[in-house]
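What follows is subunit A paired twice: with subunit B in the first complex and subunit C in the second.
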Partner chain A sequence: MRDFLSVGLPVVAIFALLPLVYANQLLLFNFVLFLILAQGLNAIYGFTGYLPFGYVGFFGAGAYGFALAVMHLAAPPALALLLAGLAALVLAMILTPLLRLSGAYFAIANLAAAQAVYQVIANPALQDITKGPYGVSLASVFAPRASYGAALLILAGVLALVAWLRHGRFGLALQAGRDDPVSAAMAGIPVVSSRIIAWLISALIAGLAGGVFAWHISVFYPETAFDLSTSIFAIVFTLFGGAATLSGPIAGVILLYGLYNLIGISVPQYFQLIYGALIVGLVLFLPRGLASLLQRRGVDVP
Partner chain B sequence: MAAWQKWWPGLAVFTVVVAGVLAGGARADEAPADIKIGHLHAGSGPYASISMPVYDSLKLWVEQQNANGGAFVKAYGKKIPLKLISYDDQSNPGTAATLTNQLITQDKVDLLVCDSGSVLTAVSVPIAREHKMFLFDPTGTGAAFFSKDNPYIALLADPVSTVWPRYLWEFLKSDAARLGAKRVALLYSTNDFTGTQANSIRAALKEPGSPVEIVFDQGVPTSTSNYSVLIDNIAATNPDMVLELGYVGNDIAFLRNLQESGQKFKGVFTLYPGIETNVLLKNVGASGLAGVFSYVTALGLTLKPEIGMTVEELRAAFEKAYGEGGVEFGWNAIAGHVTGLVIGETLAHADSLSQPDLRRAVFGLSGKLKTLVGTFELRDDGAQIGELTPIGQFDAAGKIAVVYPPEFATAKPVIGAP
Partner chain C sequence: MSPEPSSSDRLLAVDRLVKRFGGFRALDGVSFALGAGEVLGLVGPNGSGKTTCINTISGLYPPDGGAVRFAGQTLGGLPPHRRARLGINRTFQSPRPFASLTVRQNVALAAAYGRRHGADAGPADIAALLAELELDGLAERRAEDLNSAQQKQLDLARALATRPRLLLVDELAAGLNPAELARMAERLAALAGGGMALLVVEHLLGFLDRLTDRVIVMNAGREIFEGTLSEATRDGEVVRVFLGGEHVG
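For the complex of A and B:
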């Protein structure tokens, strides 16, 4: 809880106040969205070592869960958000067998699964249900301020959860299973079931993020909701800041997504070159993220 | 008297302050140094091929206006220079959404122009509406953007997707059927632009009494780049006429694969040869286009504009500005020019730069503005319905001639052409 109060709560408070001084609320919303996604990825990668390249699959499932709830059930946004989380949760349960794989095999299989879900959603034959490739319009529930507030609430919950994972019994069990699964199992830790719970938590977070994204943007296409760059950004931000910490992914999002927008808006012609070179440099020279710079000096990074 | 003497210094200060405030107010009504036009373009990614010609042509129009002292702005009764602020969204809808917000909230542009194509336009529509900002939509033709409860959008340079194929289905049900093309295969890319056209065509061909039968009907992802198997599948249904509706890349791949496959159909219609003719000729060749039907845009018509340049004048100016090896001149470059013309006429007619006045001015142009693409005409919901898209057929030399409707026809359609 100490981590949440010292790091998480100030971040939420800052993003709650920023719209009063900065009018591009969509940009702020994107920051909040990536803060949620980076922490969601942190919950599975940072604490179990499983890196899901197809993390966007849960995000897209959440976005479409929200859209389907609004379009077919006329659900109010709050209920649709819960159903968005539920959609991602159901997808994660279906994909649970993927956890039998590990390393690159898990990453690739997960990516393929996300693509499969995308193809199903975008299938013209399902146009009556999902609107197929023609995208959805949720103008009836479009409410940028309310959806921004909902995103902040989700962020607060996610930060509190990750802070608990860092020091709580369950989080420590996950980390033990990540570092040495055999020893952890011999010590009585239910490694497999713990991993599955972390997987479901991570999917739920992405689903809620997808739902609030659908609510905020209101018009989108399958390729927007299942855009692979969403996964890549969340992974890069988490790795850059430092996984298994609360502050690492936050730093990653603020610095890298800030830089992304700065370069993207001011010198877009050099964007891919600068951003690509930066990522390569970081992976080569700072593979464990910014947090490792402090941890090497014995600092306990929250 | 004594009281007046006591208060007059205070009155004097008050008068000066009030005068200063009023003078400040007067300055606020003075003409701005420039009129800011906010725009998005895709410098890379799948939509760059349709977005960059629009951007380059709009930029050219702005430069031409500024070379003459700017655009005439009725609200200030004089010419004012234009400033085009255009961001690169890299074909990413998320980035396009953020940048649309950036243009409205940070750059505080006077006029907002969205990117090309329906996917990138879609994200700007609700944002513009939320900020009560009128959206100048160059080519985003998705029917879902236009509704009577959204007064903040107008489609400028392309007919809305539901109206666009009107001449095509009329042609299929009349001349083509009369010439023996009664079995039609419909292959389309599943995106807003071509998907909506396919729906309209399908509905028209299935109307009671239609002489045409659809024997193949399939949507494929817009990313499809190999049509070989699809062409064989189509051939197996024995159609007379094949309609392939896709973006530039789809049409190029389809026509190349068709040549390689050796399959022959009595008639083939594809969407882009008449729209981006130069690109198709370079990639498919005149032999690959011989006999192919397509839409005829301003490129193949000789419409006399009442405002702006003719197609040939624009082509010369575009090629002079961007030279060989740059973005190809085609329909989208024309769309960029039309966007500029509508903006110019809007500024020349709007009583102020407020968004409701800009909207009134744009809708006031409906039916009156005749550009190189025909008559600018808006439906109540902002959809473009005035421009012509006749049907043409390519000859062996790569030239397209109008074959339908009869009032514009310069040649007779040939079914069974090589």
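For the complex of A and C:
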């Protein structure tokens, strides 16, 4: 809880106050959204070592879970958010066997699974249910301030969760299983089932993020909800800052998403080039993120 | 040879255990039994199946034939973490610490997850264990920063934190200096004195000699000798597999 009070709460407080002084609420919302997604990815990658390239699949499942609940059940936003999380959770349960794979195979299979979900939702034959490729409009529940507040609440919960994972017994057991699954099992840790729990938690977080995204933006298409760059961004932000820490992914989002928006405004034509060079440099010179610069000097990065 | 009838009430009974890797029979019908407080040495040339034997007893490999019985229960395909909670634990030939966690976290996790239900470990418990294995000064260091002898101590501390009734020791002595060796032998003897059963795989026969008077010699996945270490050195077949045929006689 110490990390949550020193790092998590100030971040939530800053983003709660920023709309008072800065008018571009959509940009602020996107920051909050990526803070949530980066920590959700951290929960699975940082603590188990499984890198889900199809992470956006859970985000999209959440967005469409929210949309379907509003369109077909006339659910109030709070209930629709819960159903968004549930949709991602169910998808993660179906995809649990993927955890038998490891490394690149897991990443690729997960990516393919996300694409499959996207193709199903965007299928014109399902237009009556999902509106297919034509996108959904949720004007009846449009409420930018309430949805921004909900995103902040989710962020606070997610930060508290990752702070707990870092120091709680369960999170330490996950890290032990990541460091060495064989000796972790000999220490009595049920490596496979704890990994599955981390996977479900991580998917739930992405589902809630997708739901609150659908609520805030209210009009979107399958290709927005299942945009692969959402996965890439969450991964790059987390890796850049330092996985398995609380502050690393936060720093990654603030710096890189900040840079992304700066480039996007000033020199958009060079965006891909600069971002690509950054990722290559990161992998080559700083594979364990910014946090490792301090960790190497013996600093316990929160 | 099938084990004598009394072996069913021993703590560990290994009965005609078979483990195959493809066409290779790493274990080819090994049988032995081990009682509480007993130390059994397992020796043999490289590739004779010693580590495979430990891996199969600890649940890393499912056996392809035969059975492992522990405290009267046939273990079958029971996963390693359940065996740990039953009271089977081990060290590894090359240490396998949780590299990014501290020494104290390594041991505390094993104490929290590896014990039978209801047997809780307090912080004082863990501190005492760390002190006993001379790791108390390193408790807050990350395990990856330890040298290899210290990581071996940590491996043992983590295994002991689960309060095992059977400890499988895989070449713990390799790489220790003579003073460390003597202390390690004393420590293991004390554990056996406290009622723990120990199965010790070791190439350093001097170390084994200090610990135990019963050894099993393995070759090509089979047991070729059982008895005292000094008898083993006079056994024709044992000498042949270790040194080659012309030394016999």
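The rule is short, and it goes like this: the second predicted complex is superposed on the first by the 302 of 302 C-alpha atoms of A that agree within 3 Å, B and C clash if a C-alpha of one lies under 4 Å from a C-alpha of the other, contacts with A are read in each partner's own complex, and residues count from 1 in each chain.
In this text, contacts are C-beta pairs under 8 Å (C-beta built on N, C-alpha and C of every residue); 3 or more make two chains touch, one makes a residue touch a chain.
Keep in mind the model is a prediction, meaning the values are calculated, not measured.
K.L.:
Of the partners subunit B and subunit C, which touch A:218 in the superposed model: first, second, both, neither?
P.N.:
In the superposition, A:218 contacts subunit B only.
K.L.:
Going by the contact rule set out at the top, does A:30 touch subunit B (first), subunit C (second), both, or neither?
P.N.:
After superposition on chain A, A:30 lies in contact with subunit B alone.
K.L.:
Please work out whether A:18 is in contact with subunit B alone, subunit C alone, both, or neither, and reply first, second, both or neither.
P.N.:
neither
K.L.:
Touch check for A:175: first (subunit B), second (subunit C), both, or neither?
P.N.:
second
K.L.:
Quick one: subunit B or subunit C, who's touching more of subunit A?
P.N.:
Touching more residues of subunit A than the other partner does is B.
K.L.:
Classify the contacts of A:82 with the two partner chains as first (subunit B alone), second (subunit C alone), both, or neither.
P.N.:
neither
K.L.:
Contact-wise, after the overlay, does A:132 reach subunit B, subunit C, both or neither (first, second, both, neither)?
P.N.:
Once the two structures are laid over each other on A, A:132 reaches subunit B alone.
K.L.:
First (subunit B), second (subunit C), both or neither: which does A:124 touch?
P.N.:
Once the two structures are laid over each other on A, A:124 reaches subunit B alone.
K.L.:
Once the complexes are superposed, what residues of subunit A are shared between the subunit B interface and the subunit C interface?
P.N.:
none
K.L.:
Taking the touch rule as given, give the residues of subunit A at its contact with subunit B in the complex, in rising order.
P.N.:
23-27, 30, 122, 124, 132-135, 137, 139, 142, 144, 217-221, 223-224, 227, 229-230, 261, 264-265, 268-269, 271-272
K.L.:
Which of the residues in subunit B end up touching subunit A in this complex?
P.N.:
For subunit B paired with subunit A, touching residues are 43-44, 87-88, 90, 92-95, 97-102, 105-106, 119, 122-123, 125-127, 130, 142, 144, 190-192, 195-196, 219, 221-222.
K.L.:
State the interface residues of subunit C toward subunit A in the complex, per the touch definition above.
P.N.:
58-60, 79-81, 84-85, 89-90, 92, 96-101, 105-106, 108-110, 112-115, 155, 158-159, 161-162
K.L.:
What residues on subunit A touch subunit C, complex-wise?
P.N.:
169, 172-173, 175-176, 178-180, 182-191, 244
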